[in-house]
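Mind having a look at this structure? Questions to follow.
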Amino acid sequence: MGPKGQPDPAGRGSAAATPEQRTEHLAPPLGIGMVGYAFMGAAHSQGWRTAGRVFDLPRRPVLSAVCGRDPAAVRVAADRLGWAAAETDWRALIARDDVDVVDICTPGDSHAEIAIAALEAGKHVLCEKPLANTVEEAEAMAAAAEAARARGQVAMVGFNYRRVPATALARRMVAEGRIGTLRHVRVAYLQDWLVDPDAPLTWRLRKESAGSGALGDLGAHIIDLAQYLTGERISGVSALTETFVRERPLAGGPSGGAARGQVTVDDAALFTARLPSGALASFEATRFASGRKNALRIELNGELGSLAFDLERLNELSFHDHTEPGVSAGFRRILVTEPDHPYLDAWWPPGHGLGYEHTFVHQARDLVHAIASGTGPDPSFADGLQVQRVLAAVEESAAKNSVYTTVPA
Amino acid sequence: MGPKGQPDPAGRGSAAATPEQRTEHLAPPLGIGMVGYAFMGAAHSQGWRTAGRVFDLPRRPVLSAVCGRDPAAVRVAADRLGWAAAETDWRALIARDDVDVVDICTPGDSHAEIAIAALEAGKHVLCEKPLANTVEEAEAMAAAAEAARARGQVAMVGFNYRRVPATALARRMVAEGRIGTLRHVRVAYLQDWLVDPDAPLTWRLRKESAGSGALGDLGAHIIDLAQYLTGERISGVSALTETFVRERPLAGGPSGGAARGQVTVDDAALFTARLPSGALASFEATRFASGRKNALRIELNGELGSLAFDLERLNELSFHDHTEPGVSAGFRRILVTEPDHPYLDAWWPPGHGLGYEHTFVHQARDLVHAIASGTGPDPSFADGLQVQRVLAAVEESAAKNSVYTTVPA
Amino acid sequence: MGPKGQPDPAGRGSAAATPEQRTEHLAPPLGIGMVGYAFMGAAHSQGWRTAGRVFDLPRRPVLSAVCGRDPAAVRVAADRLGWAAAETDWRALIARDDVDVVDICTPGDSHAEIAIAALEAGKHVLCEKPLANTVEEAEAMAAAAEAARARGQVAMVGFNYRRVPATALARRMVAEGRIGTLRHVRVAYLQDWLVDPDAPLTWRLRKESAGSGALGDLGAHIIDLAQYLTGERISGVSALTETFVRERPLAGGPSGGAARGQVTVDDAALFTARLPSGALASFEATRFASGRKNALRIELNGELGSLAFDLERLNELSFHDHTEPGVSAGFRRILVTEPDHPYLDAWWPPGHGLGYEHTFVHQARDLVHAIASGTGPDPSFADGLQVQRVLAAVEESAAKNSVYTTVPA
Amino acid sequence: MGPKGQPDPAGRGSAAATPEQRTEHLAPPLGIGMVGYAFMGAAHSQGWRTAGRVFDLPRRPVLSAVCGRDPAAVRVAADRLGWAAAETDWRALIARDDVDVVDICTPGDSHAEIAIAALEAGKHVLCEKPLANTVEEAEAMAAAAEAARARGQVAMVGFNYRRVPATALARRMVAEGRIGTLRHVRVAYLQDWLVDPDAPLTWRLRKESAGSGALGDLGAHIIDLAQYLTGERISGVSALTETFVRERPLAGGPSGGAARGQVTVDDAALFTARLPSGALASFEATRFASGRKNALRIELNGELGSLAFDLERLNELSFHDHTEPGVSAGFRRILVTEPDHPYLDAWWPPGHGLGYEHTFVHQARDLVHAIASGTGPDPSFADGLQVQRVLAAVEESAAKNSVYTTVPA
């Protein structure tokens, strides 16, 4: 049989390598089962396929099975994305012996049920963000993860932007004290794919499936990233949200058809926040920033220095060292591609940049290490729950005339 | 007597040019009297000295007299900055026959008294921003300006950042409809001169002299600029303010001395806002953003395009045309140095940039035109009053748990 | 047996998917055999592993075997990189039935022998750049490729920087006439890994293995890219070369040992050139540009517009449209991540950037299409030969006091 | 008589200040006489008017007289630009008692005659660049300057780009050893005002008036700047020049008229060079780089660091410190607006940028100091002569098939 799970008609490729010859120096396998195979599923697949090819891992990820409702489509996806088997029922996927990790890439309304079932079945879990559509669901998930942790299981939330080498470097520099006492955090996640009022009404625009709009999709990322980078948890928020276009054509409807539906989520969310250290923060999440495609931007200002990042230039980190003499100080552009930068020792020579998908390779790597070592993971379901509580506080503040709303501990 | 108030001992320079020979093609003079000669006074002087050398003006600015309390110091300043006479009492300055325009460059607590007296004396007035330290003062000033307007007098507030060619171009493009329906305004004014906790307690850090801190100093600029660029007035705000360092060494105290005083103004102010069009806005003003020296940044996102500006690169305007095919669309960097850009026909060839001080040259130019034409000016004292009302709403919201606070019309 | 060519000791993963179930909708396999598995080998492996997972391909790449001299090391590399078999003799690799394409990732001194043997054995060939170490070798290779082409075989040179979406877009825009008559080409490839005079003397610094230094390694890339983007071939050159550090520690020698060897290649090469259209070009290749990690920069200026690219920001292309009114013209930053950009329809949503390694995925994709369609490939061995002739003209000019030296047609 | 050449009808402004009151603390005057009042004349006027208003100078510049051939036009220019008197014969200007410095802002073909006459008349001289149109003229000028120097006179060439704070800072950092042994200099001066083939045939496109084209106009600047920043003189060059558009409409001809004339200068010049230290350099000067308005760019790479500058962002200097750990190294953007940056202590607070014209203010400042101190000036006529020799070597190499051509010492 041929390489990479591909059938090898004509018996080609069988000569030099047999499993027996090779097993000894290989790490033991770790079977992955993935639910959902759309955009996120494709990205996760690339992560699982690649992590063991690049990093030295204590367990070797094996793409055991993928799950989706349409039998023919999931079969095609399995072959395309490199999964050995296809399932149409996520319960069957969880039940498979060759699945050690359940990777949940579905919309938020199904996260709680699948994740809890997987944890109860003794599986490790990776769950896409936001953890859930409600605080209640997230609480149940965190409780399940806590219980499973006692059994040696790992449950991680897919805040993949922690795995950009530049953001991981920023975290390291903050932890090392390079920016000192924090004063300001300035975060925005700007996209523009809803600017056109005739963009269709997809599941992401319906509260029942997505939970919220830009807030949950983009806001969840920047809340987590801000908390990760600062090492602090948001104390409270004051928020505004808005839905600019309240009715859109039904997705899949006839082109030019009159059928339209209500947008039931926010198009944009802005909020200010306080951190326990006394720092002030501002957040903005929107899909209406014309020309900004994936501009997740974060800047931290501290007494000793500042850091700035923009996901549209993800191989770069800006750093200002305020302890230097002013005459030669300035924001420097660190090209985060050196061997001693996070994740980089396994990749290419300096200056040969990585892309978006590598965050999923790194996420896979980190999850495998967490499983093998029994520590972590970061971010845990408890971290995901806390992000959910911030999201809820944002919605509560927005509903109450922006009044400052404390985030429960 | 020599050129520009300089004595000409050897009688040199008297040969070829007599007033008689030259008067006919010269515009009639416009006498300027300036109160205050510190940083702002130096900048205004540069504006008055230069405007008539570069632009064709209907009236020719003459630097008649400058006023300050210390007789020796104001005399030196007059010679240095090019003012023909020096005064030590602003009432005497206003009373001078050779003063047509009173230019007020003092701290905010004296603006109202001087401006109202000057207007009542029949003078035109240019007043530095913020217009006043309180809404009440600003209302009195606006009323005085309104009364004076009926007598043909002009009263302008010194929001000089409207006079950067790039911001003026942005306003023109918004007015032409280049960005369409507005969705977002994102504004920050970031400086870092208070990061050091031992920076001294100057008048700018005392409520009685400065009115407020970053809010009035930087926030006033960005409120005015945002309203100018959008052509809209802020409906309401939700705000946070903070004083990070509450005690500082007294200015002028003995070095290393123990004498410290209370900082009675904000170090930073953040607020979100709504505009009548339905657009959302965010504002941040701070002097604690390490490494950001004068980063006034504004971005507007509309349905048809976006505009972005950063004062640290003041010769540039970023523009994204969302009506272009996506395949070749992107934020373009317009170098705002072409002859058909605002103010540029009088300056240097393309690519030969201007600086900060040119905003004062342009302000002088625009004020002279407003006086000659009897129209305008922009921004008027009424505009300054409205900014003051936004500032007051910010402080009120900050004092009331960030609750959304409407700005009175 | 488990997915992805990985043995599955515990028999896991065997359930749902058998080759029989899946074969019908899969494209027929295309067996790849790779010689060399260092930096380039790892990059090519990533390309071969991924191309069929992302793109719809007429043939399905199968990583049949990899070849290296050290049996244990090549075995480990095979497992790590995902190759089914390992060989220690490149002649054996060529002879394998399951190898349809021979991918040559060795130093330049072995390219000619391997490539010609592979072509004579009826295999398709992908050969890393520069095509060879001498014009004579390159001529023999081009002749072999020409002969093989008549037999339906494809021979491509690995100028992977043609496969950056941004450079491919630039080529498309030039071909569409967006920049008009060409006036200037400005190209540099700047790295800095030899700045330290104690960096070791590797094979890349010895003429017998590498052929030349920065010239062949970096210069070959920018010559090809300039010719590709302009659609023109360099007419003649005037060159300077220099070896700044003429002696270095022997690689692998004892740390701090006194053993040093001669650097026999150039550290930097600069040349000016003329193109048939009358345009002027400048080229610079160096490994001594401190702080520049992988700065391949190219700018084209034409009568109707300009294009600029920097490999350190490989998801971006700068474009100036000179036909626009000057008032709103400027270099725009096209984020080359839209679905209608080259290669992008198969990848992630807008703004989710790619990295260096994707050039190898795209190269694999393009080679598979060339093989399946029997057209192309671009760049052919003839193209590689022509680059070799430019390199030779550069060396000749440098040896003759920089005199302008014509490149043979 | 009114301030700065302005008549003061009605006796206004006469009250408080008499020369007697003020003379004591003023520096003694330094009379300036300027020849030519077009673009360069306006820029120099701004420099002379402003220098003494901003800097503490040992002599006080007085704008005594300006000279031009058209009596009415020069009279208007005098009033506009602030010159007390107008002359129509440069010999008369030189003869004036109130002229201590002759400032030559005419095309290059008249530089030698005027400068030599002024020096022989005992005047200090500031001469616009390039110093002359031929090496012979430049030699005569340098000889005259040398003779005059013995009499205490100063003769400076107007290479104003040495006076950008960022370039002056770069020079300081190079001199301090911040970049170590130099390896590369990369310089380009890119403009685009001749891209349109119907741009008119001005004096700048005629060899008899301008000497050369882009080479003398732009190339002279970058040769001087490269030599200034490195502290080295170019050893030899290898050059290509080209005239892309050989015929253009006569300036001032009827619009759409058929009258065209020959362009007799280069449109672009490219050359490579060697420096005595062993460093390699590349130069490009062109007026055909669409979208590049005034892009004078220079980058220096040394063993310890790199510096980069772009005149289109003249308040910034990029610096890479190669002695820092790679993990946090990168090109930093120094905003050259701090008080301890060159020239900046006299200007505005940090972040409040300067513009193009300030180079002329600084040039005036530096010339006044040179005159008062009897040292310098930099750049001297000898420096200007050396640049002229490089220009001549470029033309010689271009005429001889680009052969490497030594620059005479």
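Chains: A, B, C and D, in written order; residue numbering restarts at 1 for each.
The criterion applied here is as follows: a residue touches a chain if its C-beta (ideal position, glycine included) is under 8 Å from a C-beta of that chain, and two chains touch if they have at least 3 such contacts.
In this text, all values refer to a predicted model and were calculated from it rather than measured experimentally.
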item	value
If a chain touches chain A and chain D alike, it appears here	B, C
Maximum centroid distance from chain A, chain identifier (CA atoms)	D
Comparison of A-B and B-D by number of C-beta pairs in contact, larger one	B-D
Interchain centroid distance [CA atoms averaged], chain B/chain C, Å	55
Inter-chain centre distance, chain A versus chain B - centres from mean C-alpha coordinates, in Å	45
Chain centre separation in whole Å, for chain D relative to chain B (CA means)	33
Touching two or more other chains - residues of chain D	292, 320, 329-331, 335, 350
Complex contact set, residues of chain A against chain C	1-9, 12-17, 19-23, 25-26, 29, 31, 39, 43, 45-46, 49-50, 53, 60, 62-65, 75-76, 78-87, 96-98, 191, 193, 292-295, 311-315, 335, 337, 348-358
Interfacial residue positions of chain B with respect to chain A in the complex	179, 183-184, 186, 188, 190, 192, 195, 197, 238-240, 242, 244, 268, 270-272, 274, 278, 280, 282, 284, 286, 288-292, 299, 301-306, 320, 322, 329-331, 401-404
Contacting residues of chain B [partner chain C, same complex]	169, 173, 178, 319-320, 326-335, 338, 340-341, 350
